[in-house]
């Protein structure tokens, strides 16, 4: 038996086997770490929503200490993971490596810029929390919303991941949003643009595609898809990357459960889309599609 | 860079920033802890379904020791978290604080009353397990159902959370049911009323609203929504809280995948609702809506 | 209070209470362990997709060491859990126990045979990864797909679980696929047969039943169900187990979001099923059902 | 076999067996926790010697955050453990319990008073560190002393434990000093009085009794005992507790390895005691006993 | 660099390198585990001294549950480790392996017999605790002795290890006593015979050799050696194993700090040995050697 | 109370308080980490003594995998900690920092050179193990010695630390030897030079100073000191660092318990030093000092 194991180990360790799923580390840099990303999301929750996550007795006296420790740790971890992400994506050869030395500095600069956006992320998220509370007759308090509503978790991840997208960080934003997808069943691509006071109720099965644009005060229910209708194919029959292909949703729109909105169409301001609807053309502002 | 971090830390630590998402601990009491709730759910599984969760070799000789240790620990943790939940919700000022001293005793009384309901919770859950086994041609044994079926996990959480609701515990029931939502994709509000021998097959995307009432021997498939059709609004345009707005489902009803049942309507005993159906009116007993 | 706790502990420890949810360990063997299964899935990911999971800086020099340690550990854990699974399912009495002594050897043989299938599992999965990358305009690199796409996680679990099914292992395959169901919202029964270059996009809510047969180069979107239409009942009114009752899906088929395909029907090669479709009859090869 | 286990379990759980080693919790209060004490010592090291213990990259910007978090945590843990210690020692019956309600407040007051002494404890310890560095030709830097010299660890514990003794805390000081005894082989009773700039070289086997008084700038080597010569016995033949029975050591004294100094004698200022010496009478100031 | 690492790895993995420090596992059995032994010592402390170690709020109601869980776990771990120890020592070849099948049963029998001795081990230890309390003017309570005195920890390990010696267990007793040696600086060979009401004060540096015999009510201070004077050598110049070569110490003896007692001599009942004494001949009963 | 805490936190965070015990990180490099050093010692034990430490079932097939993983991990950790140690000791200002860039490469080179010495460290240690086994009538097997004898642990640490000293590594060697001091009570300075086949029996209290030189086949018992007699003082009254001041011990010497050997004297080949002896002058080869 043991010699069979050894044979398989050799086979699995040969490039012919692993090359299809292998990324040779560029410049000897370790790959981004899923575990580190998870830990950073935990830190983000503790920083943005103190008391609800992390230490359970935050008050005015101590909030600065916990925030300080958490922000410093987040900054260090983020710098490291951004650097890894930049190297993962890098196409320069070892010969060109001298230009690569700026990556560490670049990563630290981006991490620092991200940290500066945290107060605005918190402000945006607080409007989302308010929206969830106001919109749900079953919600007893803001606290219950923060503790229990998946919309809070998924939007915290989204708003942080989207900020990283705008700072030009590769890989990490998608890893952050997929963590929330796994936790909540809500799949928001970090490149999507979403306004304030946004709420997803229940949420399981919601999909929001990469080029979606969503206004302020929009509410989605479970199972809603903002997807692509079809993809122009390239010469090899694969979809062309990078084309705007998802819906634009105006301010004050409500989309009920399991509705499917496909293609680069516009749902006008104040429209209401009924449950289970299948929408592939523009909807007028204020219209009710049921 | 470091001075930028310090500036952001100060900004995040100022009341103007955190007040929107901050709950000042009442009476200096720590807030309920999500981690503690998770640990209690683990204990509940070990107590209710011994051998399947926790220690992997339970027999008649040792079951009492493990049950004893787990019940004692659950009682202590539950007392603490209930107390925190009561304080979280409390509106009394520090001046009135003397009346608050009964909270610790009240929390212990509730925790004790909950412990006494565990045998009944196990009995109810055992009918749910039987229903899942009987209803699924793919199920090979009761053991497979307990180990692998999300309906077992979500109903254990629901039945425990619902017992806490009936004992008047704030916040915790919703936290417990949201844990199961995250784990299974099934969102059962703990205030819903659900009879015996209940089964949800596959389950991802199921939503059961707070005022739903479900009879005995009911089966739901994935993606079923028991939701609200619309909410009466108050003067400020927000939904009025506490109104019965979800369906009543009679005994022996089957609702197939992705059906959506909305509003305070009644699905009569023995009715069958087809997949993808959109139901907003009463369904007669024994009827087939397809 | 304490004496009430003791009374409940005694009640929970009495056979009348626990017997409905209790599996007496056969031959004194511990039950399969959910935690061990989780750890084995982690090992599988580290073996199949080195660098992305586990150690973050794998290169040609060290891959053999990590693979060796992980494979050896997987082999030991798997042998142990298969043995437990065989005993869990075993109906022999203690008197017949001598025949049971072969179980340990049998378990080791199966575990060894499974290990030998790992290179093929990796090869199959690499086609799935390629399919996800080619089919999604939002995917920037193979690495992003491996790190972030739930289809990779769920198919790794499925392909391993299916290999165990074919080796005659009870219980464990379903436990492995349910772990992925919880993580991704995608519920693939390990007995289903699925060809190469398979992809599930977004995926939340997908259900693939036990007797489904899926060809090569098939793509599903979120919320698709490959389910049973109805079950022949036995004399006691419960579904008869083991009948082919789920769809056969030909090569090169695409099924869009939330489509429901029910019964032992055939979706012909190259067919396209539109979103939200409800299909209970055969679909011709090349047909578009929208 | 199992029934034998049960019999022994019953025997071990009967008061006849456990009463000799059992402390009935007073007023239902848990007992002090060795694990909590260990964690507090870790916190103390991180607070007093930042960078060397705990977070490994402390600088001027972040020291306040880490110190704040650590001090707050230490204060909470210490309050809890002091309360437990007070209750452990308490002789009041349940009937008198109302007077016991002040214990929580008392514990918090003591913990707060202890926190205020931390800067002075650090100052004292810094003189000890300087003494170790100056006195050892093998020491390359202050940093090496802090990282590697057992005298630093044992004196940090001693100086903290002694501060608790002076604040009237029962039990905990001895638990703290015993932790250092186990770690370093140096046994300093927390009631001993020790001046500044104190150093123990190597240290294994050193014993400093409860009523010892040691001046400034004293140095001990390994194996030195400052012990009691004999104990006056009470009527039952047991030593009378609380009598001054250990040496007084003046300023600037050096005591070489394995010397034994017994009884309430005085080692005069500037005296030098040679290795292996056995001293039971006063030594003149400036004398050399070799 | 990496190829150098590989060369060293190959060298370290070659039998020529590792054979000098390698024990080929007999019959494929894993070796005893230091970590498991540590965990068993922790369990022993929780069982023998409930409340002081492990759960911090034991009372009459719950002691049986904790004792039950701990004893069951200890029994399982001990059975496993004894089996490994028996195999480690076994000289039978694979050909004779059939006789080896009794080892698992033998290990379980020994573990069961050891469990039955736990009440007597607790009783013996309680006399040691009493001796420490009565003999030390600095001891404030029995509780302080149990929490803080190294004599309690080392004698608990010794009394358990000695019980295993008498049951014929190889290797494990020495591993258990070495754990206490590391923790307390007190080195008691588990084959030594020690009576009741035994106490070691401070203790660092104490050595009690394998063939020592100690009566009741004996007290040792730190640094005391009960050692061998010399060893008869065999033809190869190495000491002959198994000869009685350590002292016999009668009842009611006191031996002060750093005294060294060597050879198979007898210290008569009631004798007192002064500190730093070097004794290699018999001491009369009641004599004072100072 | 809380404002008092804040005041103390500010005080502890001010340079006036922390400067005496603070090392400003050079070049922003984190300080060496005690926890990392501990983990490296664990790795060393697993590499040098496979099966006894770490994985408990090593055989010829798998030893290369475990050795490979452990050596790679050790190399990475060691490179990092050596780099930190070099920076800790570095006196260059930030302005000169460009020369500092070679530190990472230097650290990697040293770590690689150390790895290459592991086979020789194992060989040396195997002679020490043989010496302990041959010399102790109580030792039953080589395995017992490796599992249980503190001499093995302390010499493994010493031989590794000494190899680092010879490679010019600052700080780390002393940290490694102090870990063994804490664990065994044996304090060997890593700069001491010690030959093959060396053994320390029992060992608690042994001290071997930095400039000691010990030949082959030497045996020490517990409490032996190889120390300095006195130190030449510099103008400020502190000992001058770096002078040879500890004994030279020839081959085949035995030194019995608690003997104290002081100063740069020579103990001639084959000499025997009796217990409790106080030696400050040369001893002739073959002499017996008793």
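As written, the chains take the letters A, B, C, D, E and F, and residue 1 is the first residue of each chain.
Quick note on the criterion: a residue touches a chain if its C-beta (ideal position, glycine included) is under 8 Å from a C-beta of that chain, and two chains touch if they have at least 3 such contacts.
In this text the structure is predicted, and so the values were computed from the model without any measurement.
Engineer: With chain centres set to the mean of the C-alpha atoms, which chain is at the far end from chain D?
Structural biologist: Max centre-to-centre separation from chain D belongs to C.
Engineer: Count the touching C-beta pairs: is B-C or C-E ahead?
Structural biologist: It is B-C, judged by the count of C-beta pairs in contact.
Engineer: Taking each chain's centre as the mean of its CA atoms, how far is chain B from chain D in angstrom?
Structural biologist: Chain B and chain D have C-alpha centres separated by 49 Å.
Engineer: Can you check how far apart chain D and chain E are, centre to centre, with Cα atoms defining each centre and the answer in Å?
Structural biologist: Computed from C-alpha means, the inter-chain centre distance equals 27 Å.
Engineer: Go ahead and note the Å separation of the Cα centroids belonging to chain C and chain F.
Structural biologist: About 52 Å, centre to centre.
Engineer: Multi-chain contacts only, two chains or more: what residues does chain F have there?
Structural biologist: Expected reply: 5, 9, 59, 64-65, 67-68, 72, 185, 204-205, 223, 258, 276.
Engineer: Examine which chains touch each other and state the graph shape they make (line, ring, star, complete, other).
Structural biologist: Topology of the interface graph: other, matching no listed pattern.
Engineer: What pairs of chains are touching here?
Structural biologist: Contact pairs between chains: A-B, A-C, A-D, A-F, B-C, B-D, B-E, C-E, C-F, D-E, D-F, E-F.
Engineer: Per the contact definition, I'd like the list of chain C residues that touch chain E in the complex.
Structural biologist: Of all residues in chain C, those touching chain E are 2-3, 5-6, 9, 59, 61, 65.
Engineer: Using the touch rule from the top, collect the residues of chain A that touch chain C in their complex.
Structural biologist: 1, 4-5, 7-13, 15, 17-18, 20-25, 28-34, 84, 88-89, 170-171, 174-175, 177-178, 181-182, 185, 187, 189, 191, 204-205, 207, 209-210, 223, 225, 227-228, 231, 238-243, 245, 258, 260, 262, 276, 278
Engineer: For the complex, which residues does chain C have touching chain F?
Structural biologist: 62, 64-69, 72
Engineer: If we count contacts the way the header does, which residues on chain F are in touch with chain E in the complex?
Structural biologist: Chain F residues touching chain E: 47-53, 56-60, 63-64, 67-68, 71-72, 75, 108-109, 112, 115-116, 118-119, 122-123, 125-126, 129-130, 134-144, 146-150, 183-185, 202, 204-205, 221-223, 257-258, 275-276.
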